[in-house]
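Before we start, here is the structure in question, set down as structure tokens.
All chains are identified by letter, namely A, B, C and D, in their written order; residue positions are counted from 1 within each chain.
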Amino acid sequence: MTLSLQLFLASGGILWLTGLYGLWRNSDPIRRIISLNIMGSGVFLVMVTLARRETSTDPVLHALVVTGLVVAVSATAFALRLAVASQQEKR
Amino acid sequence: MNAALVSMVVPFFAAMLVLMWRPQQQSWLVIVASIVSLLAAMMALLSVIDSGPQSLNLGGWESPLAIRFQLMPVNALLIVTTAVIHLIVVCFAASSHHCQSIKQAFWPLALLLHGSLVALWLSMDLFNWYVTLELLGLAAVSLVTLAGHKALRAALDYLLLSLFASLTYLLGVVMLYGQYGTLDIALLATLTEADRVTQTALLLISAGLMLKAALWPLHLWLPAAHSSAPTPVSALLSALVVKAPLFILWLLWSRVAPSELAVPMGFWLALLGGGALMIGGWSACRTPHLKTLVAYSTVAQLGYGLLALGLLLHWQLNDLQAALWLFVVAHALAKTSMFLAAGEIQASTGKKRLNSLRGMTLTMPVALFAFAVAGGSLIGLPPSGGFIAKWLLIQPMLIEPAHWPWALLVIIATLLSAAYVFRVVSQGFRQSSVSATATEHGKSAQWLALLPAILVWLMALFSEPLLQLMDVFSA
Amino acid sequence: MAASELILDLILCLVLLSLAVAVVEVKRLYDSIILFIAFGLILSITWARLGAPDLALAEAAIGAGITGVLLMAAYANLAPKKHLQNSHRSWLAVGFSLAAMVWLVLSLIPLADSPESLVAVAEQAMADSGVTHPVTAVLLNFRAWDTLLELVVLLLALLGMQQLRLPSLKIAYPWPLLNAWGRYLAPLTIVIGGYLLWRGSSGPGGAFQSGALLAAGLIVLRLNHVIPGLSWQHAWLRCSVLCGAGFFLIIACLTAWLGQGWLDYPASYSASLIFIIEFLATISIAVTLAWLVTGQQEAAS
Amino acid sequence: MMTDIQTILPVAIVLSSLIPGLLIFSLKESQHRLRITLNLAGVFSKLLLVGWMLHGVSQGQQFSFNITFLPGADLILQGDALSLQFVALSSVLWLATTIYAIGYLEGSAFRSRFFGYFSLCVSATVGLALAGNLVTFLVFYELLTLATFPLVVHRGTDAAIRAGKVYLAYTVSGGVLVLMGVALLHALAGTPDFIPGGYLSPLVDQHQAGLTLAFVLMVLGLGVKAALLPVHGWLPQAMVAPAPVSALLHAVAVVKAGAFGIIRLVYDVYGIETLSLLQLTEGLMILAAATIIYGSIRALQQTEIKKRLAYSTVSQVSYITLGVAMLGPIAAIGALVHLVHQGLMKITLFFCAGNFAETLNIHHIREMNGLGQRMPLTMAAFTIGALGMIGVPPIAGFISKWYLGLGALETGQSWILWVFVCSGLLNAAYFLPLLYRGWFAKPAVEWAAHPQAKRPASVWNETHWMLLWPTLFTALLAIVTGILAGSDFSPLAWAQLIVAREFAP
């Protein structure tokens, strides 16, 4: 079990970095927002994996992930709207 | 503690009331809410002075499970500062003619920002800070977008960087939780060891917070966002919002981090602070636009905070935290004044550039005076709040000959800040070709811009109780 | 057994990672969005695999579903020339990322062996929480303050979007199939949403999942022009957006004023209080999310 | 009862100019009677209060007021003999300058702003003089910088703004150096009150480097205002300011603030003993001597009247520094009395220059030919000031130079005598041609045909009475203090009192 936990932890970290890389690499706001979501997914993956370390899962971490998800979706919605607005302005 | 909760809840409720009933005359409601919040904040401060730090476990659960609030002298002071600045800013927004167009949307956002800030100051929980930081970020970005189309690009960059910073912060928090199984600052402080996980986690958290606080070299978003925002918003952002991450950074490194990590990190933080002072000051001296100058000055002044924090950690000197927080409070007041004055001037001339300030001593004397007086505190001229803070900062630098190079840094920073402040002021004294007609309108807004500047100079007279307050805490 | 599970995990991870890299690297924005939605679905499978069914549900509804709709909507409203990747690959960025990867992974791996958590404490407190599902207990009782603030985050996102004064989403002529399906789908989501909410006190589910589902239903109805555009003019809409956070805050104040302390529910009422809060929160979440997706209807138009 | 007054009096002296100043800011341009009333009320109440305190101090009373400020450093205002020397000088000259300025600025714009800042400057100067410890001194020292800047740029022309920037660059840098010096001393020794003989002697062994650095920092910082050699550049530039500003502030208040600071530093902070142990005054002496010679030479090269006077100020103020640095009692008397005498003479000269410019638009030396026929009284005042500067008896300047020379002999620094001789000759070289032109040269144009003004009906009307009378008043003072130097109430007697207290074992 530990091995696959390590695997998921590492994947979470790499996802986070992939998002970071995407953020750096892209200039288009929508792609940047997607990259941010990937970063977020990486963090959530780490959290869910950590919750799995004991026989019973850690409810606190799960609750934190739920909160994090809602925060992420609100921010994403707002950011996308802003991106559209700012690009429409440019035209 | 209850008073502090009232100070936090009142803005939240007021925001909901404004949103729900949408009264035509909203300003009185907002001002009353701010006054109530300020009174409650003062009562909280008094209660801390009387009976020392207080702790509250939300929901009545045991400490590792519950989110914990703690009222200490430092955050009581910050709550009062927040309330004072919000009160001044909403009064300014209500009285300035140039803020008419943004009012409807401004009130609820400003109130939510106020409540969120107080929630952040009170909390002692790493994840709860993540939520409050998100609140602050969203509220701040929404407020920036009030300026209309020109500000959208800056707002978007601000939002993306802020979200990125939050996720960086969150990863670090999760790692700390994974390692130590708690999110509470006080508990973590007893557990942490100087291992690899802790180090990485702390670095991630710090990177996220430094980005949010626009600490050099992660400051690039700040000048665009703060200068394109509407005037009252710029004041709130520069004065308060960027200080919130600094607060967390301070608690984290001075409490949670083991000293093996904190001492070397302190050195680097102090160096970065020095960099902020130099680069921020230099950029402020170069920019042709008034509000951008003020925004760069925020970058530079945050460098003082970082320098104080870094040296506090590096030398393990708790005395420096008084310097750190007095810097924060003094800068908050002075910067409010500067932004309000600059914004009022810019709105009335309709031009962004510095040279539109010609003849301002005649047309808008109070606004220019406010700018100069606030600038005096930023430079650190006595007897102002900024001076007290700087004085406390340089004392430990001077006592050891080995520390003298840091003092040199402060000298250069002071000269740079003097250079950019007087760059503006001397423009105001320049003769203007425009026929000199003193404008009567907007007088009250100008006086409101002057008010925080006067407060920051009054701070010097009350330095004794302020310092005692800080001592209560470090004892 | 363990080996086969490990292989499954390995495959999951590889798929996730390669999808993520593809999302970042593909040329066309449209592909990137589609891949991201797929990524969200795989992620929710991963979470189910990791013993987090309620999170899997939330991720499927919120992460993949609503975010996907949002992305597609934004895509539809953007200038076409913006869709191509413009920058060349930065080897500096790649190099930095690889170095950071090694460092980050090395610091993450030890965490698998340090089982420090609040599991025991939470289990102990469950009896007094008023609910039986631990995640709900954490969300609405142990760390209720986080949840309250999170409702405010939603509200702020809505306020921010609202005052951008964008025209409402361009909604094409309803797709016939969608139209037909929508009439069945929407009521179904309401039923499932209600079930999830009710179930939340004892099993996987709860306010966020059901709110997200309800929002999806509302969105479908809106896309079919069954319900009119959402506007701040309507008092009942304002009411439903604010009721979650507002009621929560009132309860918090009342417990601090009359009861034992901030958010400290009286033991005998805690179950019902939590249910009312969840119910109102669900309404707020559903309306806010739907509103965020479909956009503000200008009063004038 | 008496104790109350002894606490309040120092504050009252500062407030007597501060409050009218703040009130004047709020006045409209047109409320010009009220403004004059406020100004004069401030001036006379200040004179009254200073007179009261002078009396008290000569009787040996202590005046002191303090409020808490920084940890270990209160804000203290106190009146001792040394402060009063400076306070009395600035108050009397404020009277003269206020009347002069009212006449000078009649009808021009921004008068509320001008008089507001002018009063703030005087308040800062007086506060600086009354400061009871280094931190208080620092506070007023920086305030003085701030309050003088608007006066330098008052005219708002490009030249004025440029000069203002130069002024700020020098004075703010100087201020920072002083701040660092004060903070360094505070870190080492705290900030006790000024005390004759200084308070640093216990630290000499342990903190030699710190004390040396602090001294260098502060002398450099104070040297900016005192116009010591490498950092004197702002003073000639600042001459774009209106004449009353040049007269009171740049000839007296600001430069004397620097010199006064050096006096305090040497006598009441470090103390003579400590300084001779640290061997720091040698450098200060050389710097001052060099400034004296350099200022004189530069003055000789100037063709504008105000510029020449400005470089003369650079040179003359360093007499004070030199006298202090010699560390002997007689030289100290010379330095202290020169503080007053030079002020009286130099303000007279600047008033005269202002009168020439205002009445006949004369700015350059070559235009002065035959001025004595047109403006005999002003020219007479100018002559008194110039001769005093050269050191001709019985004018005040002679007294101070005499004591300085004696002091040089007493401390065995005979090379300084040569500096004085040399400087005296240079003084004569740059002042006497002006006198010659004024009295004996033929004017280029007949005064009757001069475009600016017709010949006045009577001698007393050669220029506006508000410009003329202050000039004559200060010129008279310069003679009287010289002639009556031996009496009990002269600046000389007061300087002897100070030195008796400072050098008392």
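Keep in mind that, in the parts below, contacts are C-beta pairs under 8 Å (C-beta built on N, C-alpha and C of every residue); 3 or more make two chains touch, one makes a residue touch a chain.
Remember, predicted model here, so these are calculated numbers, not experimental data.
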item: Contact distance in steps, from chain C to chain D; value: 2
item: By mean Cα position, the chain sitting nearest the middle; value: B
item: Contact pairs, highest-scoring chain pair; value: A-C
item: Distance from chain D to chain A - Cα centre to Cα centre, in angstrom; value: 69
item: Whole-Å gap separating chain B and chain C, where each centre is the average of the chain's CA atoms; value: 31
item: Chain B and chain D: spacing of chain centres that average the CA atoms, whole Å; value: 43
item: Interchain centroid distance [CA atoms averaged], chain A/chain C, Å; value: 12
item: Residue list for chain C, restricted to those that touch at least two other chains; value: 104, 108, 111, 117-118, 122, 142-143, 146, 150, 153, 156-157, 160, 164
item: Junction residues of chain D, two or more chains touched; value: none
item: Of all residues in chain B, the ones touching two or more other chains; value: 65, 127, 131, 134, 138, 141-142, 145, 152, 175, 177-178
item: Which pairs of chains touch, using the document's own definition; value: A-B, A-C, B-C, B-D
item: List of chain C residues in touch with chain A within their complex; value: 2, 5-6, 9-10, 13, 16-17, 20-21, 23-24, 29, 32-33, 36, 39-40, 43, 46-47, 50-52, 54-55, 58-59, 62-63, 66-67, 70-71, 73-75, 77-79, 82-83, 85-87, 89-90, 93-94, 97, 100-101, 104-105, 108-109, 111-113, 115, 117-119, 122-123, 134-135, 137-139, 142-143, 146-147, 150, 153-154, 156-158, 160-161, 164, 166, 206, 208, 285, 288-289, 292-293, 295
item: Residue ranges of chain D in contact with chain B within the complex; value: 67-71, 75, 109-110, 113, 135, 138-139, 142-143, 146, 149-150, 153-158, 160-161, 164-165, 168-169, 172-173, 175-177, 179-180, 183-184, 186-188, 209-210, 213
item: Residue numbers on chain A that touch chain B, as the complex places them; value: 16, 19-20, 23, 29, 32-33, 36, 39-40, 42-43, 46-47, 50, 60-61, 64, 67-68, 71, 74-75, 78-79, 82-83, 85-86, 89
item: Chain B residues within the chain D interface of the complex; value: 359, 361-362, 365, 376, 379-383, 388, 391, 394-396, 398-399, 401, 404, 407, 411, 414-415, 418-419, 422, 425-426, 429-432, 436, 460-461, 463-464, 467
item: Touch list for chain A against partner chain C, complex; value: 1-22, 24-28, 30-31, 33-35, 37-38, 41, 44-46, 48-54, 56-67, 69-78, 80-85, 87-88, 91
